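In what follows, chain A forms one complex with chain B and a second complex with chain C.
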Partner chain A sequence: MGAGASVSDIGKVRLRLPASIKTGDVVRVRCLVIHPMERVERDKAGKIVDKKYRYIDKVTVTYLGRTIASFDTTQSVSENPFFAFTFKATDPGKLAVTFHDTHGETYEGTADIRFG
Partner chain B sequence: MTRHATRWVALAMLAVGCAGATDRPPAAAPPRWSSRAIPAARGEVRAEADGRSIAVRYPGWTTRDFGRFRTYAYDDARPEPPVRRGGTPPAVAGDPVKGRALFMDRARGPCTGCHLVPGEDVWPAGNVGPDLSTLADRRLPDAYLYQQLWDPRVTFPNTVMPPWGAQGIFTPEELVHLVAYLQMLRGPVAPDRDPERNPSTRHRPVGFGDNLDPTNNPAVLRAEAAEALWSARGPGGKSCADCHTGGIDRAMRGVATRYPRPVPAYGRVMAIEDLLSVHGPERTGRELAVESPENLDLTMRVKMASNGMPVAVDVATPPARAALARGKATFERRVGERNHACADCHTPERGASKFLGGRFLGDVTAGLTRHFPTWRTSQNDAWDMRRRFQWCMTPLGANMLAADSVEYAELELYLAHFDNGKPMSVPGIRH
Partner chain C sequence: MASGQGMTRRRVLATLGAAGVVTLAGVALSPRTGGAQALGQNESLEAALQRVFGGRPLRDGSATIKFDVPLIAENGAVVPVAVEVNAPMTPQSYVKHIYVVADKNRIPIVTRVALTPESGQAYMGANIRLGETGDVRAIVEQSDGTLLQVKREVKVTVGGCGG
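Presenting the complex of A and B:
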């Protein structure tokens, strides 16, 4: 990332869906959250610095109030992690992607699924 | 304002003396400028304790000093290397095996950057120069080929091929080996198993999708993070937002379409990056050194406020016309160990839309600037136009100038005028 994102942006979720969706379409969703995804630090002796590392360890996707997918993630995932998945859009309603990090914070991005 | 107006009148009067002078360098001397760039971007050369000189460049770039060779600096009065005959080749037996290794050597040419020859290990070959797969069938004399490698300008005054022998890149003995290799290249050529090997049948790059999608282009995220910088007060107690009110998108709408442009207050052509590096500290007290992440991110964000609007750089006023003429002269000036000009690779009658090795060369007439700064997937970083220029200098064997040099700003203006009327789309995403 070079400069990296400023701290005030942590947790900002971007969700991208196709501009128009028809009933029954298999829709590809792209989402990204601004997050530092801290890596394990080692001291000069090579010992792991003991602290509670802040990284996203779970991502859940809910559609029409039902969890349709969840991802377990570790520190090997990059800063500002990006996820893409597909789902079948059967009914109009809310799609929510929620990122959970190890410090107990949750960040949510939502999209209104409409057919047109 | 009157002070600036007076200065413009003076410049205008100077420029009237050479009206219609878009084709020849104007009489008015370009202004001097001391760099406000980060140390790695100033194009400086440092003397080491052991007497060697080291060029200061970005991390990971070569530190070789090309000081012996001509640069794009306006005050570099050295002429192009004179056209020279190679004389008699040394009396050594040419070895085609050695010749082929030299032909492929990435540390020299590589010759394969421009010329296709047989062999599946020839990868990736370019097609800026002719396909040499059956060169020997033409029964050209050894002496002719030797001279062609030594300095092809003797036969072809406008060639884009470097004078390899005359510039000392290959020794006379090595040229004899190369000639021996070339004289082995007889047809017929076996058909290629992989169409990608031959640059004339290779697929052209297709791009990386929507460059303005933040989930697709990391530079968008960087630019958006610069919004915090826009409204953060500097040590001087003011922020950008205090003077440019109404939000960055309203305040800056259309501004970037006019850059680079002559800025009367500083008496020179400036890109957005250059203006930020002086105007920012003056008004807010915050340093925004050229090529620093802060400067680059803010530049991208300011340019994003003009996305979709047509580029409209000044090509009409006398200072702009004088700068354009100098920019065009730079574009066509041959520099460096390789004696190349920008025009060799980027004009349609020469290398544009051909492959240089695996790289597809941009065409200046199509406009190359309206997506800069751009995310470079190969570098994992956002680069502005000037870092791209500096990167080009290195393989040419020329020392780079400061990123905020007047030379680069006027070259960028010359390139940007081909973008006039075409929509801005910043940040771009490229290999």
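Presenting the complex of A and C:
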């Protein structure tokens, strides 16, 4: 897996929602971000290498401007992390998933919720 | 935020250095809020559970929690897990947090999901790393503070945590 994403891909976010949503549905969303999620490194003596590891430590989900769910994550989450969650589709509007990493970068994916 | 992270790491390193290999529940438990920065630490499972839940009892949740994990994970680097809780999501009573904990990982707390009634359903999914064969737990905290847990053993063919 390690050699997966190239540097330019970091931060690409994909959101997947069902093709059609009806008012009041509880909708399951799957999302993914391309990110290395650096794991703890150890030197030959087994000591942890002291550096500022780059991994995603927070994911927030907002719908209609309100935070409806958030994930606090650690280095025990896989590279190119995948998350799934639900939300109750009450009104048309914007659903946004924001990933924050420990180097201060943020990556966002959005979807327009429409009923039809 | 940035410097806080560094402090945490340094403190963890200092503690580890001072203690050698011995796991020391007491020292590592210096009062610290359970923020995102403090969540993922190199610690034993017991220390992690004590730190996050403060010794509150974990009740058996097998009646309400549906916990999807593979029996065998060929690649410990990517193990899909999903937690679904059969519980109401109303402002009066809802599932506040879902934790995923991997007993054998050096960083046992994998993720903590904070939910709101607007989530509609208590559900989460994620891909996690598992260092070796061992139990994986889903711990659910309800809005009244009740803690429920289920655990399953996952056999890992190739570990995924490195270091």
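To be clear about the criterion, the second predicted complex is superposed on the first by the 114 of 116 C-alpha atoms of A that agree within 3 Å, B and C clash if a C-alpha of one lies under 4 Å from a C-alpha of the other, contacts with A are read in each partner's own complex, and residues count from 1 in each chain.
Basically, a contact is a pair of C-beta atoms (placed from the backbone, for glycine too) under 8 Å apart; a residue touches a chain by one contact, two chains touch by 3 or more.
The shown structure was predicted, so the numbers you read here are calculated from the model rather than taken from an experiment.
*Asks:* So if we stack both complexes on chain A, do chain B and chain C clash, or do they fit?
*Replies:* Result for chain B and chain C: fit.
*Asks:* Considering only touches as defined above, state whether A:G104 meets chain B (first), chain C (second), both or neither.
*Replies:* second
*Asks:* Looking at the overlay, does A:V26 come into contact with chain B only (first), chain C only (second), both, or neither?
*Replies:* After superposing on A, A:V26 lies in contact with chain C but is clear of chain B.
*Asks:* As a test of reading the superposition: which chain, chain B or chain C, is in touch with more residues of chain A?
*Replies:* The partner making contact with more of chain A's residues is C.
*Asks:* For A:R14, decide between first (touching chain B), second (touching chain C), both and neither.
*Replies:* first
*Asks:* Examine A:I34 and indicate which partner it touches, taking first as chain B and second as chain C; both and neither are also allowed.
*Replies:* The answer is first: A:I34 touches chain B but not chain C.
*Asks:* Could you say whether A:I48 touches chain B, chain C, both of them, or neither, answering first, second, both or neither?
*Replies:* second
*Asks:* Once the two structures are placed together by chain A, how many degrees is the angle at chain A between chain B and chain C, based on Cα centres and rounded to a multiple of 10?
*Replies:* Seen from the centre of chain A, the opening angle is 90 degrees.
*Asks:* Once the structures are superposed on A, label A:F82 by its partner contacts, choosing first (chain B), second (chain C), both or neither.
*Replies:* both
*Asks:* For the superposed model, what is the least distance in angstrom between any CA atom of chain B and any CA atom of chain C?
*Replies:* 6
*Asks:* Which chain A residues lie in the overlap of the chain B contact set and the chain C contact set?
*Replies:* Dual-contact residues (chain A): 1, 30, 82, 84.
*Asks:* Okay, in this complex, where on chain A does chain C touch?
*Replies:* 1, 26-28, 30, 39-42, 48, 50, 52, 57-58, 63, 66-79, 81-88, 102, 104
*Asks:* If you look only at chain C, which of its residues touch chain A in the complex?
*Replies:* Residues 1-2, 5-6, 9-10, 13, 16, 35-37, 39-40, 42, 75, 77-80, 82, 102, 105-116, 118-121, 123-129, 160-163.
*Asks:* Mind listing the chain A positions that touch chain B in their complex?
*Replies:* 1-6, 8-9, 14, 16, 30-32, 34, 80, 82, 84
*Asks:* In the complex, go through chain B and note every residue touching chain A.
*Replies:* Result: residues 213-216, 218, 221-222, 224-225, 228-229, 293-294, 296-297, 380-382 of chain B touch chain A.
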